[in-house]
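The same chain A turns up in both complexes below, where it pairs with chain B and then with chain C.
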Partner chain A sequence: MTTSSTLRPGVVDPGPPAPRPPRRRGDGAAALAFLTPSIITFLVFVLAPTVGVLVLSFYNWNLLSDGTFVGLDNFDRLFHDGRLLGVYGSTTYMALAILAVNVVAGLLLAVLLETRMPRWLRGFFRLSFLFPFVVSASAVALIWRFLLNKDLGLVNYLLGLIGIDRIDWLGSSAFAPVSVIIVNSWKTIGFSILVYIAGLQSIPNELREASIVDGANAWTRFWRITFPLLSPTIFFLVVINTINSFQIFAEPRVLTQGGPGDSSRTIVEYLYDRAFGDFDLGYASAIGITFALVLIVLTAIQFWFSRRWTFYS
Partner chain B sequence: MSHRLGFWLARVLTFLVLAVAALAITAPFLWIFRGAFSGSDAELYRLPPSLELGNLTVRNFGLVAEQVPYFQFFLNSIIVSTVITAAQLVTCSTAAYAFARLRFRGKNALFAVVIGSLMIPIQVTIVPLFLVMSKIGLTNTLWALIFPGIFSAFGIFLLRQHFLTLPRELEEAAKIDGSGRLHTFVRIILPLSGPSIATLGILCFTYWWNDLLLPLVMISDTERQTLPVGLVLLAGRFSTGSLGTIAAGIAMAIVPVLIVFIAAQRYIVQSIASSGLKL
Partner chain C sequence: MNIPNRKVALACATAALAVTALAGCSSSDDADTSSAAKTLEIVYWNYGPAAESGNKATADAFMAAHSDVKVSLTPVTGENWGTYYANVATLIASGKHPDLMVISGEGAQFVHANNLVQPINAYVEKDPEAKTLVADIAKGLIDGFTVKGDIVTLTYGWNDMVVYYNTDVFKKAGLEPPSADWTWDDFKATAKKLTADTNGDGKPDQYGFTWASNEIFPGIMPWVANAGGNLTSDDVCTATADTPQVNKAVTFLKDLITEGIAPAPMPMSDVFTRFQNGQVAMFGAGRWPIATFLPAGFKAFDIQLYPKGDTYKTVFGGAGYPILKSSGNPDLAWEYQKFTVSDEIEKQYVGTPDKPGDSIPSRRSVAETISKVGVPPANSDLFYHSIDKYPTLVPYPAPAKYSTFESTVLRHLQQIFASETSVSDGLKNMQGELSGIVTC
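This part shows the complex of A and B:
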């Protein structure tokens, strides 16, 4: 949003007063015309379902019979659902790990890409890092299901070469969430790198050159100049990656079916099973609403904290 | 002298890290493409993977369609992604223009609603969305996959941010010429927004090309499925199909996005760099 404020015209010299300024006319009619397509699709496919999920959460309904109004029962059930807490736990664990890989390893790779190198080589690296981002999560998960196979997979073969025993990547509750973390980070890190590259490019070169003249080494330069100026980019990535990684569905669905147990199950998967497996639509809606609230609160907290550490030039 | 040595050491280390990362990211794709051309499952699973290109066969690609209606999936995916992308570019760019340039009552409130809706992901509203679709009789049709994708708060936000960076003088000049708002939008704003529009187009196309949740929920007939579900169905036929066939199915699903992506990736970089995806 910084862009909008910087573009707002500053104080303009009023000049000689015009005799009678013509009344500023709004663009109401034009605005309506330009906004109509979005408003219609928003009302029907965003607002109506949002209201719907609120209403549904007060009902007990399985699609077949008529729904019955049950008040806050569905929300009460949330607190007595032994599995839900575990699913929140595994979702949080996987989401935070994915977030950390994206923000930290993404920054490292983006900074390394700034090294002097031929254009084609930089292009090649950038392209290969970003490529998995555009491939479907289900294709990605299927490929990794081959690679992570305990007995026949390439990953265990390579680990065997350095003397590590076969790991049951997809079938053990310790490693199933790790597999989801690896596969999802592998898929998303290219986007984080790209956003970092854009952020790095917007840092004025003069600052870096000046610090080189001042004799700062690469390490000091990174922490004193690059990092502070990059903080809005880091913040953007933290927010976006948090929201995205809490919402993963396809990777655990295809890789591990959420198992073993609930060790790699995510909230969205759990919601999907309650809604379209059990047809417990009211309860699934209550899960959805509380999940949305969790995301909103998380984002709000991040915005609040960001005032302390992001630096807008 | 030791300074030079340190410099070269850092450089070698940098390229080593980058090369290992690039290899780790691309190797699975190379493996699946190699697997798609392999003649037998034993060959596909050989460890270490064989690098010789002797026993290549294209047989697997033909076999894919015998297992599942692969080309129907493919066509469905193309239709859904293309229609959503085209519709989204129209709705997002017009709305973004209204938010960036027009004066009307309730603008800020309306924009706040748009941004607020970013917080409510489709995963949360999927149940009532399914009910809306079944109410208007669209479940089990491609429309059920297309309509929910058309409105995009992210797209409106992205394009608005870009439109705000365009110099107003250009439009003022057009206004004096007496051209209408639509004319200004089509003739002046859009031609200056190529990279942003390309970025939104690519992000939108790849997102819906890859979506798994909506088709799982909305579509029950196999013939009306899109590729992500289709691939899972294909992989589920372990008993009848060979691994090479599955690999071929995955490889063919990757190629279109790869082409779109390589053709337009410089726009994405350019657009993110200039419009500044910042909060």
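This part shows the complex of A and C:
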């Protein structure tokens, strides 16, 4: 047990914890009243739709006529859907790439932004990276679609100036998913940078200063001090970006309409088309339920692995 | 209880806010049904300001003429007609019971197949005013909205697919405007002359022609029709996507890209911009682009029929307000539908040179006033002549699952135009998939 006698000089003894104030009658009612909006919102907009989707997955329903109970038929169809596996593949490819860009490039950029530079320049860079994040995804994608046009877009024009031939960014199976990755990463990396900067600023300067005194170089300081203390932030961003990147919709919808073929189609786009293109709400619900389970399992795996590398000081 | 008043007030206010917010999400059906006899609920596709102002103007005019009727408009969003229908279906599933909904020709099969619509055959036969109106509407427009003998609705406005050309680009290239009897070969030769490398980097940056990659009607359908084909059988029960005629049309378009006369296909909104700035000399659409071009001050364009292939057929689509079976007052709804093709409303679709309508009035007598009023383009009379003088593509290749049908066609075309599959293999795959979608 730590006592005041063992404290280093300059460290103030916080003393024993203050006694918790007695709970007053009526506090529960007030707390409930404050919580009511959140509870109602959760029930109406989260729990009820979730239960609704679960129930719908056992029905055939086209929005306009009475539903028919079909048991597990919709889930059985998942195994016979010739396109679903391919769409899972394209979704995974794009999601992992977006995740990597956000977590790795986001960290590098955040570290660069924390280096010594004029305050106005730092503000300019921070604003530049964060701005796309607060703009509508559809609006961003519309502008990028214009820029990435193979024959009339600005990107290929600029590449042409350095001798690179025109790339079919939106029309080829190889580059369409790459375009989605670029546009989505460009839009979302500002959030990752913001969180990283907050994490970096919470690392005590004394540790860095002490390591400099001990002769540690920048690389050692990053791996021995910055990275371990930043690991909870990295873990948070891995989880959040995994969930978000698997759920992208607007960018492929606007940029490539999921094509060519299904090369840039995501699961969310696919289930949307089944629900509101085919009016096959039951099957779309089954896709949604299984997709949610996949994300839950992925997140659980991430939490399990995080115990090995996440350091909470 | 010993709770500070401020705390209680704050908690109550928070709860009240939540209740108010949720109440705002609830349906207003109860309020509507109490006076259903004199209320009309209308759902329309809110594709932009023109849709909102047009529907409001019609509703206001109807209420001015029928002071005891209240018309309630419900705008529904959607990226195209297909998603609009999906959103309306969601609205109906949530308990809304509209009297009328705006549909396009593609939606006629959808509302009919889903037993949503009340056919108007009996009204047309018995109402003397209807007979006069119908006589002034091109037969193709009536046929386009007739499913299995049932007339789904009268059409208030429509669009036929024509070729827009940039007159400045034509002048600069030293070309005469195209004539109505031009052929595919003439078209290709013209488009080739209009393709140019204007910045001297060795690659074209001005193209002769392009088409919308996100819609089939202003995209491939005029070419398919003029090759003598269609994407479905006449009864819209079987897909016919891998016929020699469809192959010929798609191969023609693919060659335009391969030969560098057309850029990689792009969505319609991008085409508008490229056309106005001269990067694309020609494209295909209905009358709706003028509602974008003229307010923006762009007038250097005119229109011509699509070039003739093995045949010539006018490809068109219209819109109307069918009476839904959920209507509590179908007779009043019929009066509204009839009102939408009255002189007063039809003139709105003519518009003025500064504020043009975005579709062609369905009444011939009104449509013929477009050129007299001076609404560009100069060749505006062509719009109605195309449906009066030439055979039309009837039926629309618009099965009940139109949204899925269109997205499937477009998905395979993307691969063909990106040279990721041959035309014949692409169409074969398309046909295979469509056979499960186009059914009766």
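In the analysis below, the second predicted complex is superposed on the first by the 286 of 313 C-alpha atoms of A that agree within 3 Å, B and C clash if a C-alpha of one lies under 4 Å from a C-alpha of the other, contacts with A are read in each partner's own complex, and residues count from 1 in each chain.
Please note the rule applied: a residue touches a chain if its C-beta (ideal position, glycine included) is under 8 Å from a C-beta of that chain, and two chains touch if they have at least 3 such contacts.
Keep in mind that this is a model prediction, so the values were computed, not measured.
Considered on the superposed chain A, chain B and chain C are sterically incompatible, since they clash.
Of the two partner chains, chain C is the only one that A:D278 touches; chain B does not reach it.
In the superposed model, A:T220 makes contact with neither chain B nor chain C.
In the superposition on chain A, A:F34 contacts both chain B and chain C.
Looking at the shared chain after the overlay, A:L154 reaches chain B, while chain C stays out of its contact range. Of the two partner chains, chain B is the only one touched by A:A250; chain C is not.
Look at A:T68: by the touch rule set out above, it reaches neither chain B nor chain C.
Of the two partner chains placed by the overlay, only chain C lies in contact with A:G171; chain B stays clear of it. If you count the residues of chain A touched by chain B and by chain C, you find the higher number for B.
In the superposition on chain A, A:F42 makes contact with chain B only, not with chain C.
When both complexes are aligned on chain A, the segment of chain B among 110-118, 200-208 or 236-244 whose C-alpha atoms clash with chain C is 236-244. Overlap of the chain B and chain C contact sets on chain A: residues 24, 26-27, 30, 33-34, 37, 41, 44, 142, 145-146, 152, 157, 275-276.
Interface residues of chain A, counted against chain B in their complex, comprise 1-4, 7, 24, 26-28, 30-35, 37-38, 41-42, 44-53, 56, 108-109, 112-113, 115, 117, 124-139, 142-147, 152, 154, 157, 186, 189-190, 194-195, 197-198, 201-202, 218, 232-233, 235-236, 239, 243, 247, 249-250, 253-254, 268, 271-272, 275-276, 281, 284-285, 288-289, 291-292, 295-296, 299, 303, 306. Residues 24-27, 29-30, 33-34, 36-37, 40-41, 44, 62-65, 142, 145-146, 149-152, 157, 160, 166, 168, 170-173, 257-262, 273, 275-279 of chain A are the ones that touch chain C when the two sit in their complex. The residues of chain C lying in touch with chain A in their complex are 1-3, 7-8, 10-12, 14-15, 17-18, 22, 25, 82-83, 86-87, 89-90, 92-93, 114, 116, 201, 203-205, 207, 213-214, 263-267, 269-270, 273-274, 279-280, 401, 403-404, 407, 410-412, 414-415, 417-418, 420.
Chain B meets chain A in the complex at residues 10-11, 14-15, 17-18, 21-22, 24-26, 28-29, 31-32, 35, 45, 47-49, 90-92, 94-95, 97-98, 102-105, 107, 110, 114, 117, 119-121, 123-132, 147-148, 150-151, 156, 161, 164-165, 181-182, 185, 202, 206, 209-213, 216-217, 227-229, 231-232, 235, 243, 246-247, 250, 253-254, 257-258, 260-262, 265, 268-269, 272-273, 275-279.
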